[in-house]
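Each in structure tokens, the structures are laid out below.
Presented sequentially are two complexes of chain A, the first with chain B as partner and the second with chain C.
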Partner chain A sequence: MMQKPAQRLTLFLLLAPAILWLGLLIVLPHVEILVLSFSERVAPRVYAFGFRNYLEFFTEPLYWRTFARTAFMSILVTALTLVLAFPIALYIARVAQGRVKAMLLLLCLLPFWVSELVRTLGWMMLLRETGVVSYILRAVGAADQPVELLYNDGAVILGLVYGGLLFMIVPLANALESLEPAVVEAGFDLGGSRWTVLRRIVIPHAMPGIVAGCIIVFMLTVGNFATPVLLGGKNGLWFTEQIYAQFITRFNWPQGAAFGMLLLLLSSAIVWLGLRLTGQSLGTTLKQA
Partner chain B sequence: MNRPSLAWKLYIAAFYVFLFAPLLIVAIFAFNASPFPSPPWRGFTLEWFTGSGAAFGKPGVLTDPVWLSSIGNSFKVAIPVALLAVLVGTVNAWVLERAEFRGKTFLAMMMLWPLVIPGVVLGISILAFFSRLANGLEDWLQTDLDFLRPGLSLVILGQLSFILTISTLIIAARLRKFDRSLEEAAFDLGASRTRVLRTVTLPFLRPSLIGAGLVALLMSFENFNTTLMLVGSDAPLPITMYGQMREGATPAINAVSLLLMLGVGGIASVFALTAKAER
Partner chain C sequence: MTLCIGSVMAPSTDLDIVRVTKRFGAHAAVDDVSFSVAPGEFFSILGPSGCGKTTLMRMIAGFEHPTSGDIRIRGQSMIGVPANRRPVNMVFQSLALFPMMSVGENVAYGLTCRGVSRAEAEERAGRMLERVGLKGFGERRVTALSGGQRQRVAIARCLVLEPTLVLLDEPLGALDLKLREHMKIELKQLQGTFNTTFAYITHDQSEALVMSDRIAVMNQGRFEQVGSPRELYHNPATPFVASFVGETNRLQGEASASNGAIAVRLPSGAVVQGQGRAGQAALAFVRPEAVALAQDPSLLGSLPNRFEGRVSAVLFDGAASSLLIDTAGFAEPVRAVLPQAGPLAGIQVGAPVHVGWTADAMKVFAA
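Our next item is the complex of A and B:
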């Protein structure tokens, strides 16, 4: 179809902001760090193409261990979040009615409108040596000296699970919402136990929500910075911290860019794998959330 | 499945306690008359909000230049981000819903992409790219281009990179529901294109424009990961909070947090109301 020049110009003008946005803020910057990650310093202020930054990652145990640890803990956090959130989502979607339902969902949303840092501050005040839990434990006589609950893996996992819950509950509840009560009834009538009905009917039906929730929680967890650093302290060891250290503290941008590419790769790989295993597309998945 | 067991109910109750415990603790200790944000309770005070520092040696939020300037910086970032998010988001929504051209599906997918990039990576890539751009342009133009260096302008660009996706999605969802016969009727009645836009289409989009603006405002105010990589010497609120939390803060940080919660609660309820009006 031939278009009039005026129409073409209008289309071009309408497209311009999107192209500027995606080009200048997304595509070119990523090309830049890709190129940067393959450059190595051969002399002061002179850089050449090379794989040294990636080799450095594989030869320095601190780097790849932190990477593996981040990946592993993120998967653990995602699984924990799913297990914790499922009964809540099921209750909101299937049991609660009318006002109670709206109320429960709203109460879930509220804490997540508040800054991540405020939530982390709350956990720090609860868990640290001079914090509320330690104080209560001493007050009731369960401990005779201050208890440090912060700066360990448990605290990091707790903080990350807390931060991920909403992003799991909402897609789960949306998916469970559409489950026909009659189907569940039929399952019971055919002699299925609670467990069988849950495993054979409810969970398969919720699968799109489960995938969407897991992908979002995993992405947020892997890319988190403040929670592991603040709740884990020196023991936090999160990969984003390594990127920050290379970029801001050591000013070794090529190395930091290589780390950034690796994090992007990890995050995209898991998202792709999750979508592939369940045969869903990114668009529908994001819509679930 | 419709008769929840007691254990299930108890779990739900415990869950909500777990959800709100950290926020309640933060809020309560904003009023503790102690120089440290920790128990024991030493009595009620408003010193951490309005105090001049006479009582505990450290000032309250509303008199402390550090907190005030970082709140100001947050606004300097959030307001342009929200305005641009609505403006560009509307144009993008138009492109997605109304325009026909080759590669539209590809463009729509590209627009979702920023959501799956970790915020830290967005931050470093924009930092690296704009530094190169600044170096090149400065050599060429022989002037300093400070707005391309880490600072509030770069923070605005960094936050826009993913907030634009959100605002586009919100506005496009509303535009999809628009009944185009309304526009046609207006054209038939002799209205010009701009007039139709101003009197028919934009009023219909209004709830989503307000909604997208508020969501952008909130996301900008709270963004930490991308912002951290792009800040210069003027720190927005989350960056200042992060610094204080690492060093050990006074209960002034609780007071800031409580103000933030109230502000966010206010904005969220406006948003909930506009969302309701939309249905």
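Our next item is the complex of A and C:
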């Protein structure tokens, strides 16, 4: 009986850093932002409870259009990343052996040793009017004047897919690795074509990995700031820019807080929808990631 | 030469392997192997692990390609035909059931691959499950089945496609002993009721002996002997077959021919009489059940091989009980079957005993 309170105290002390971390850095700011988002300015330095910040979002087309555009583009980026990452992950998990496998994973990881900002600036050097791609196009005669490849949706998508690739490849390769080779062979042996085996055996098996990768990439993309701003310029129109503008440029913190909450709601809703549509549970997905 | 064999080949066989060789680098995993399997036959390839039997089977299934030679199914060459177009289905060692599908979907998979409508495939899968004794299991997850049930699903999944040939790659290896004994009989019965040709590979000689119509004993990429279980057991063609198939006593010595029989002088100077052919060095084999036991030496009077020994161990295993007998002049104890109904049933370690066997029972080979 004497030991019980002591044990409980030990447990509490062990958990304390994690609880403090979660509480102070994640839960508390979100509560603060939630409260802030419901306050509206009635006079200078006088705030009252109200829904005006949320109403503003729905009445001003720029806001909800940017919002919808962000959601749509993020889904597109996630889908493109999945399509690109799948064959790579398949190769890493099922074809490459030993050192080649480790090398390939390392190659995927390598770009992430430099900061996101530097990576994005790298893309800018390639794509700008005076950049490498433009120069090559002129050199081979495909263009007779400098080509501006930056500041369009294509550049934004390119940058975002590039940034998300690793986070798709790792959970996918993990999921594909656990597929027994004999199961794939049995799929062929019983008369399945490559497509049938992929559709009915490989993809269903990799589903937890696919969903995990998609959730991570989608979250990273929706919340990305540097890539759309740098590669999209004025045409970037990413919702995070609106949040930034409200907090920093306009100094309208309640409005920015409301946008922040909306973005949180959006990504949670889409993740929930994705899980429902694929019939996966959050638990198995997290295990895979 | 190969072409010539092909044109003469009668189409009354389901599978013809013609001088197939498979090399991995300099190593020949399968070395110039030829054999044929008749329709409805249960054909086993028996060999130790690493003898090339799995490679041979994977070539028939289409997962490996022979370096040279031809594989024909019902007279048609399978060279260049991918695995999913061959009239051959395989039961894998791990069974390789599809864990993402239900039992019914596993069985219907092959049918839907062939373009059979979903409804018809389901119905045929249901009937097949009924035939293998799994009626009403269609909706279950494969992970919810016992070992024996999974086995039957793996076989049903092949048989529903009515293949010319079913390949079985040591499918009983993962089962516990009791279930394995049971599945041996069940497999044989299944093969009988469906009258499908089975090619079965195993390293377990008892599996091969119990189930097969014919067995090929394989060693280091080559076939040592092909024959019925009885032929292999009673008339082994090589020392490898003699020692690999069934229990046996192995003696080494120098051969010298004597009238009709062959005498082998053991290093200790003792001489045994046997049948066979050998040069200088000889290997002689005698089965434990061919060794007669008696406490009174006069009962063994007519036998050319007679020795006196002492029981060093009693290996009690019901009807398969045997004795190890330390025998003067023999490097290793002689193993003899101990009949549980005979006068020696109660014999104890240390008891003196006389052993003997006929010259016919002793097979002699060149070492």
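Note that in this section the second predicted complex is superposed on the first by the 260 of 289 C-alpha atoms of A that agree within 3 Å, B and C clash if a C-alpha of one lies under 4 Å from a C-alpha of the other, contacts with A are read in each partner's own complex, and residues count from 1 in each chain.
Everything that follows uses one rule, which is that contacts are C-beta pairs under 8 Å (C-beta built on N, C-alpha and C of every residue); 3 or more make two chains touch, one makes a residue touch a chain.
Fair warning: this is a prediction, and the values are worked out from it, not measured in the lab.
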Putting chain B and chain C on the same copy of chain A, do they fit or clash? fit
Taking CA centres after the superposition, what's the angle at chain A between the directions to chain B and chain C, given in steps of 10 degrees? 100
Given the touch rule stated above, what does A:204 touch, chain B (first), chain C (second), both, or neither? second
Counting only touches as set out at the top, which of chain B and chain C does A:71 meet: first, second, both, neither? neither
When both partners are placed on the shared chain, which of chain B and chain C touches more of chain A: B
Once the shared chain is lined up, is A:82 touching chain B (first), chain C (second), both, or neither of them? neither
Touch check for A:173: first (chain B), second (chain C), both, or neither? neither
Between chain B (first) and chain C (second), which does A:183 come into contact with in this model arrangement: first, second, both, or neither? second
Regarding the shared-chain residue A:193, is it in contact with chain B (first), chain C (second), both, or neither? second
Contacts for A:125 in the overlay, against chain B (first) and chain C (second): which applies, first, second, both or neither? first
First (chain B), second (chain C), both or neither: which does A:30 touch? first
Between chain B and chain C, once the two complexes are placed on the common chain, what is the minimum CA to CA distance in Å? 9
Shared chain A surface residues [contacts with chain B and with chain C]: none
What does chain A use to touch chain C in their complex? 180, 182-183, 185-193, 196, 200-201, 204-205
Interface residues, chain C side, partner chain A - complex: 61-63, 82-85, 88-90, 92-94, 96-101, 109-110, 113-114, 157-158, 161
Which residues of chain A touch chain B in the complex? 11, 14-15, 17-18, 21-22, 24-26, 28-33, 36, 84, 87-88, 91, 94-95, 104, 106-111, 113-126, 128, 130-132, 135, 162, 165, 181, 184, 194, 197, 219, 222-226, 229-230, 240, 243-244, 247-248, 253, 256-257, 260, 263-264, 267-268, 271, 282-283, 286
Residues of chain B touching chain A in the complex: 1-2, 4, 8, 11-12, 15-16, 18-26, 29, 36-40, 88, 91-92, 94-95, 99, 101, 107-122, 124-130, 132, 157-158, 160-161, 164, 218, 221-222, 224-225, 228-229, 238, 241-242, 245-246, 253-254, 257, 260-261, 264-265, 268, 272
